[in-house]
Amino acid sequence: MNRVWLFFHKMGSPPWFYRFSGKLLPWLWGLFFVLAAWGLYLGLVKAPPDYLQGESARIMYIHVPAAWMSMLIYVLVAAMGLIGLVWHVRIAEIMAICSAPIGAFFTAIALATGSLWGRPTWGTYWVWDARLTSELVLLFLYLGVIALYNSFDEPRKAARAASLLALVGVVNLPIIHYSVTWWNTLHQGTSISASGSSIHPSMLWPLLIMAVATKFFYAANLLVRTRHRLLLQDHRKQWVRNVIMKEGS
Amino acid sequence: MSGVQSTGALRALLKRDLLLAYRRRSEMAQPVIFLLVVVSLFPLGVGPSPQLLGTIAPGVIWIAALLATVLSLDSLFRSDFEDGSIEQFLLSGHPLTLIALIKTAAHWLTAGLPLVLLSPLLAVWMNLPAEGARVLVLTLAIGTPVLSLIGAIGGALTVSLKRGGQLLSLLVFPLYVPLLIIATNAVSAATAGLPFAGQLGLMLAGLVGALTLAPFAASAALKLSLE
Amino acid sequence: MLSVRDISLERYFVPVFEPVGFDLSAGELLLVTGANGSGKTTLVRLLAGVLRPSHGSIKYADDTGGHRNLVYVGHHLAIKDDLSVLENIRFMQAFLGPGELPVEDITRQLGLHRVRLQAARTLSAGQRKRCALARLHTSGRSLWLLDEPYSNLDHEGMSMLDGLLRRHLDSGGACVMTTHGSLRPDGFRFRELVLQSGSVQP
């Protein structure tokens, strides 16, 4: 337990974090590419077409993991924001604010792929069904957090305000989700549940592999953005000068 | 050591806020006028067909109420923030959470309650039948305090920004979505003769939740804005 | 009464002023001076607890459950334009404690008796400053934090403030006051703390 605590404590120090994340990054990118390639191959090539929807259902291998990530990342923004607010850990603040654009990106992907998926199925590019509508509201929540952050001049105050907003949003997230679902049920019900799944294994595997792949993408992208912001914020400090000299040589 | 009990101080704050609102009553009236204008635009925009108006009435009136509330939210904390009163509240020793709650209550009394009182008129304009109109007033009576409470959080977060008002609307609208859905559904259900008690119950639960949680978030946001 | 160690606040990742520390006891007056932009207002707001320090600590004696025993009068006067002088002072009393004097006497003491029923909006800058200083008449808070309190005051106003300050210090209160250049309390013993703009610590 002590070692875990010590690890997190060390990660709070920017130079340590920078060094550690630098070592981790190549692995994260590597795993993402491998898993994504494998998952897409299984999903787009090997898996059978859907019984009802045919080839167009293949877009779900991107849509569903993107939708999952959009919600997971919002929770993470709120969680990291909470750590930053309560314990005043700067790295947590930075990671929270760097995650928000990634989450917004996944939300946009989910909306775009959902819309494309809907075209052959429903005949239009947009329907106000439960999943798409709550993804849209989620996108607005993300945009609000990002806009609030960009409105403040002082970076730490900006990060804290955005974190507080994300926390308020995360409390509302299940309520929004529930109410939108209740409002309209047109979308295909979730096919993956804890007690087993109603999807054929050859379709399930690519989905799960893509789900894991997106997590590695998020982690890698997050570390890249966080390292960048750390360098910017600490650019007058000695450790940054050391890094620049080392990486320049 | 301050020899003042918080209850006395908070009562004084409520009276002060209501007095200030009264002294600026023409400004306070603007969101109400806005509500009337917006609702009256709909028949002009979609045609005066009674059936159409009656169908869209719950949504139109509720959305107009949302817009009118958001217009008035920026001034919840702004005046006190800009003249340094919020700082003094923080230093007074009285719980900032309760102070935020009292100010939100004053805001509702001056900006939310008028909407509730005007809603029968709006129901008539939009051809909403009597059963629906009754429930409309009820949903607004329960819902507008929630709008003020959640809006206060947004107001507190943006109060230190020069053009905070525009951003404020963007921030609170997603948070208002569940309320809008459930309230309009309650009114539509009542008009169709279907049960609506569940929806009202949910709204009441939302009100209780907002009453207990929102002031904490608002006071945290105020402290943040002071930095 | 007040014990400050190594305190500083970072804005945009640069400290606003070089770390400072001091102790303040009952009856003492501390004058905080420094060039424009050296962070005097920031320091006072840190002492008031409005801002949280990035480094260092502040300890207050008389701390009762988080409520601090202080009065802060800063650049923002915290008086409502739409309320009269009397209404503003009555509200201060309702919020911070009635103090020893009835409100009419307070207006007389502040030199605002003639205009006490006028809305604060109609007063001059000096009169508004006097109204804000009514806060000092509220009950029993022993630490005064004043940010350039003499600004906008005329000669009478300054002696009025000096009188208040003297009574406060004599009865065991303490005061931290910022000032730049020439506006200083007259005939007081004080310690001086000179703030210097901060630079980045590696």
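We call the chains A, B and C, going by the order they appear; numbering starts again at 1 in every chain.
Rule of thumb we're sticking to: a contact is a pair of C-beta atoms (placed from the backbone, for glycine too) under 8 Å apart; a residue touches a chain by one contact, two chains touch by 3 or more.
Nothing here was measured: the structure is a model prediction, and the numbers come from that model.
What are the mutual neighbours of chain A and chain B in this structure?
Of all the chains present, those in contact with both chain A and chain B are C.
So which has more C-beta pairs touching, B-C or A-C?
Counting C-beta pairs in contact for A-C and B-C gives the edge to B-C.
For chain A and chain B, let me know how many angstrom lie between their CA-based centres, rounded off.
33
Let me have the rounded angstrom distance from the C-alpha centre of chain A over to the C-alpha centre of chain C, please.
48
Provide the C-alpha centroid distance between chain B and chain C, rounded to the nearest whole angstrom.
Computed value for the inter-centroid distance: 36 Å.
Pull out every residue in chain A that's touching 2 or more other chains.
As it turns out, chain A has residues touching two or more other chains at 154.
What parts of chain C, by residue number, touch at least two of the other chains?
none
Enumerate the residues of chain B that touch no fewer than two other chains.
Within chain B, the residues that touch at least two other chains are 227.
Which part of chain C faces chain B closely enough to touch in the complex?
Listed in rising order, the residues of chain C that touch chain B are 48-52, 62, 64, 67-72, 74-83, 87, 91, 94-98, 135, 138-141.
In their shared complex, at which residues does chain B touch chain C?
1-4, 8-9, 11-13, 16, 19-20, 23-24, 79, 82-85, 87-94, 226-227
Which stretch or stretches of chain C touch chain A in the complex?
Residue positions touching the partner: 10-14, 200, 202.
Please output the residues of chain A touching chain C within their complex, sorted ascending.
153-156, 233-234, 236-238
If you look only at chain B, which of its residues touch chain A in the complex?
Per the touch definition, chain B meets chain A at residues 153, 157-158, 160-161, 164, 167, 170-171, 173-175, 177-178, 181-182, 185, 206, 213, 217, 220-221, 224-225, 227.
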